[in-house]
Amino acid sequence: MKKQVTMLVRHGPLNTVRAAEALRAAVGYTLAPQRVTALLIGTGVCAGAAGLRPELVGQPEVAKHIETLKLLGHRVVADRPSHEALGAFPLHSAVELVDRAEVLKLLGESDVVVPY
Amino acid sequence: MKKQVTMLVRHGPLNTVRAAEALRAAVGYTLAPQRVTALLIGTGVCAGAAGLRPELVGQPEVAKHIETLKLLGHRVVADRPSHEALGAFPLHSAVELVDRAEVLKLLGESDVVVPY
Amino acid sequence: MKLGILLTTSPEHQNSTTALCVGRAALELGHEVELFLMDDGVYNVLDSRDNLVAGAFAALQAQGAAITLCGSTCDPRGVTKESAVAGVVFGSQYDHAQILHRTDRFLVFG
Amino acid sequence: MKLGILLTTSPEHQNSTTALCVGRAALELGHEVELFLMDDGVYNVLDSRDNLVAGAFAALQAQGAAITLCGSTCDPRGVTKESAVAGVVFGSQYDHAQILHRTDRFLVFG
Amino acid sequence: MKYLHIIKDPAETFAWQVAEGQAHGGHEVAVLLWQDGVLSTRASALPLYATATDLEARGIPAGRVKAVDYREVVELVFQHDRVTCW
Amino acid sequence: MKYLHIIKDPAETFAWQVAEGQAHGGHEVAVLLWQDGVLSTRASALPLYATATDLEARGIPAGRVKAVDYREVVELVFQHDRVTCW
């Protein structure tokens, strides 16, 4: 059975490794029969910012995982209210902005939600 | 020169060791010529709750440090608005409730503030 | 039934105790328990005389739980086969994906 | 002048890099730098081939910074004189208090 | 569908929103508080559980929540179709 | 008295309150944003600094803040009487 898995990226992109690690794990989840969505929410939406350069502050890559998920046919979505609250900065082209209603629908439909 | 040092306890008492460690460090600060105040604020006020039993969840002691600070003539204060927001539970007898204005005054007068 | 547990925080966090208590109770009730540790979670099985948490994870393993670590998060943290609790598996995100997939419920401690 | 630095988080946090950058800049400008590491902060000097952060702290030490650990937080974490970067001092909260007292500014990375 | 939300942070807000939205949508939803989550003062019409040791460790009377031990936690986890550990 | 507040969390609110209260009380107060703190969108009349590498790493133009390197950070730290690293 194919599982619908949602990875919640809730932390800022570079203060800790958590956002990068959440996305790395989400890429890993595609190695089983699973439909994976990475949901960037709260400060986590900043992990979807265009032009992140984590190597400048000694932190691991983020964009690579976002691109891999997209390439493999999975989704990376960002919560619109969080994005607006943080100044609606430009997002990576592989990240879709979605409304809060769609976020709630996505969470309700997921077999597993992994808050990271 | 005697330094006025304020230790900010901002984390809940038992989810992590941080509240207990902040208080342990505050006790340590009394080993130099320093006037120490531990300020419980935000979820940190719960570290001042009467009847904490950290050993039940494998976490380190908290009350011992509060009592030691008081015994040595230093202060442990709790921010009143934080305490009220969390339901105004009974506090350890060594903890003084102070208004936000006094909290701001205390921070302004401190030579060193250590947010933990 | 099968219970999966993901632990990503160090022993500083009560997550370690909670995960141990839930894992133990699940085993006692006859369920299978599989844990995956990554990031600072791998420090939970860094063996030392004074690391009581590592001892408790070893005991959970002896009780029947399977513990797998993300090897690539162990390397930079200095957690090695020699320094870790015996019996834990140095695995990868592939294992994480499989555990998530084959367990009936997946509890996250982050 | 004297700069004190307290680091209480593991290498997962950017705090390690920021503390290193500030410490390095302070030394270059001719200041004295003293670091105190406690809680998960002690993992920053757990030596291993792949722990680049530990290497950077060793280099900061070679540049003139003094690094003291809270010994009692090392024990349960399995950080020992053998496994830590050479030259760091296994101290106590007494040292923490003295560093706080004798430095002109005290930066907290928690 | 039966949803269980497990909350450990007394400042958590989004998880409550999700839980209440699901209940509003006609699902059976319960909340389990553990760790410092038992300090939560959030008003809610949802069935609330809390781990007994976490209440006791923090000196809090069970009051409005149903205190449970870890075996009951495991039972709750398997009785609900979907469980999110926030 | 000259106060410097160093903020690393974009969601921080209390530190800003403290800083603005001190400025209101007639003190000279500055704020240095670093790490994810550079993501803060808080409106403030205080002088704002941010570490250049943190801005660059997060793809943010300096805009309203003055970008500084780590030597300038150290200078700011010693130029202010009291520094709090939130």
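By letter and in written order, the chains are A, B, C, D, E and F; residue numbering begins at 1 in each of them.
In the analysis below, contacts are C-beta pairs under 8 Å (C-beta built on N, C-alpha and C of every residue); 3 or more make two chains touch, one makes a residue touch a chain.
Predicted model only: the values in this text are computed from it and were never measured.
*Asks:* On the document's contact criterion, could you list the chains that touch chain D and likewise touch chain E?
*Replies:* Chains in contact with chain D as well as chain E: A, B, C.
*Asks:* What angle, rounded to the nearest 5°, describes the rotation that places the Cα atoms of chain C on chain D?
*Replies:* Rounded to the nearest 5 degrees, it is 180.
*Asks:* Measuring between Cα centroids, what's the chain most distant from chain C?
*Replies:* Following the centroid criterion, the farthest chain would be F.
*Asks:* State the chain with the largest centre-to-centre distance from chain B, centres being mean CA positions.
*Replies:* Farthest by centroid: A.
*Asks:* Taking the mean of the CA coordinates per chain, how far is chain C from chain F in Å?
*Replies:* Roughly 40 Å, centre to centre.
*Asks:* Taking the mean of the C-alpha atoms as each chain's centre, how many Å separate chain C from chain E?
*Replies:* From the centre of chain C to the centre of chain E is 24 Å.
*Asks:* What whole-number Å value describes the gap between the mean CA coordinates of chain B and chain C?
*Replies:* 33
*Asks:* Two or more other chains in contact with one residue: find those residues in chain E.
*Replies:* Touching at least two other chains: 8, 35-36, 53, 84-85.
*Asks:* Any chance you could list the residues of chain C touching two or more other chains?
*Replies:* 12, 14, 18, 39, 52-53, 106, 108
*Asks:* For chain A, write out the residues touching at least two other chains, lowest number first.
*Replies:* 14-15, 17-18, 57, 59, 112, 115
*Asks:* Which pairs of chains touch each other in this structure?
*Replies:* A-C, A-D, A-E, A-F, B-C, B-D, B-E, B-F, C-D, C-E, D-F
*Asks:* Under the touch definition given earlier, write down the residues of chain B that touch chain C in their complex.
*Replies:* Going through chain B, the ones touching chain C are 14-18, 57-59.
*Asks:* Which residues of chain C touch chain B in the complex?
*Replies:* So the residues of chain C touching chain B come out as 12-14, 16-18, 52-53.
*Asks:* Flag every residue of chain C that touches chain A in the complex, lowest number first.
*Replies:* On the chain C side, the touching residues are 6, 8, 38-39, 73, 92-94, 96-98, 100-101, 106, 108, 110.
*Asks:* Where on chain F does chain A make contact in their complex?
*Replies:* For chain F paired with chain A, touching residues are 8-11, 35-36, 39, 41, 53-54, 56-60.
*Asks:* So in the complex, the part of chain F that touches chain D is made up of which residues?
*Replies:* Counting only chain F, the residues touching chain D are 6, 8, 34-36, 51, 53, 69-71, 73-75, 77-78, 83-85.
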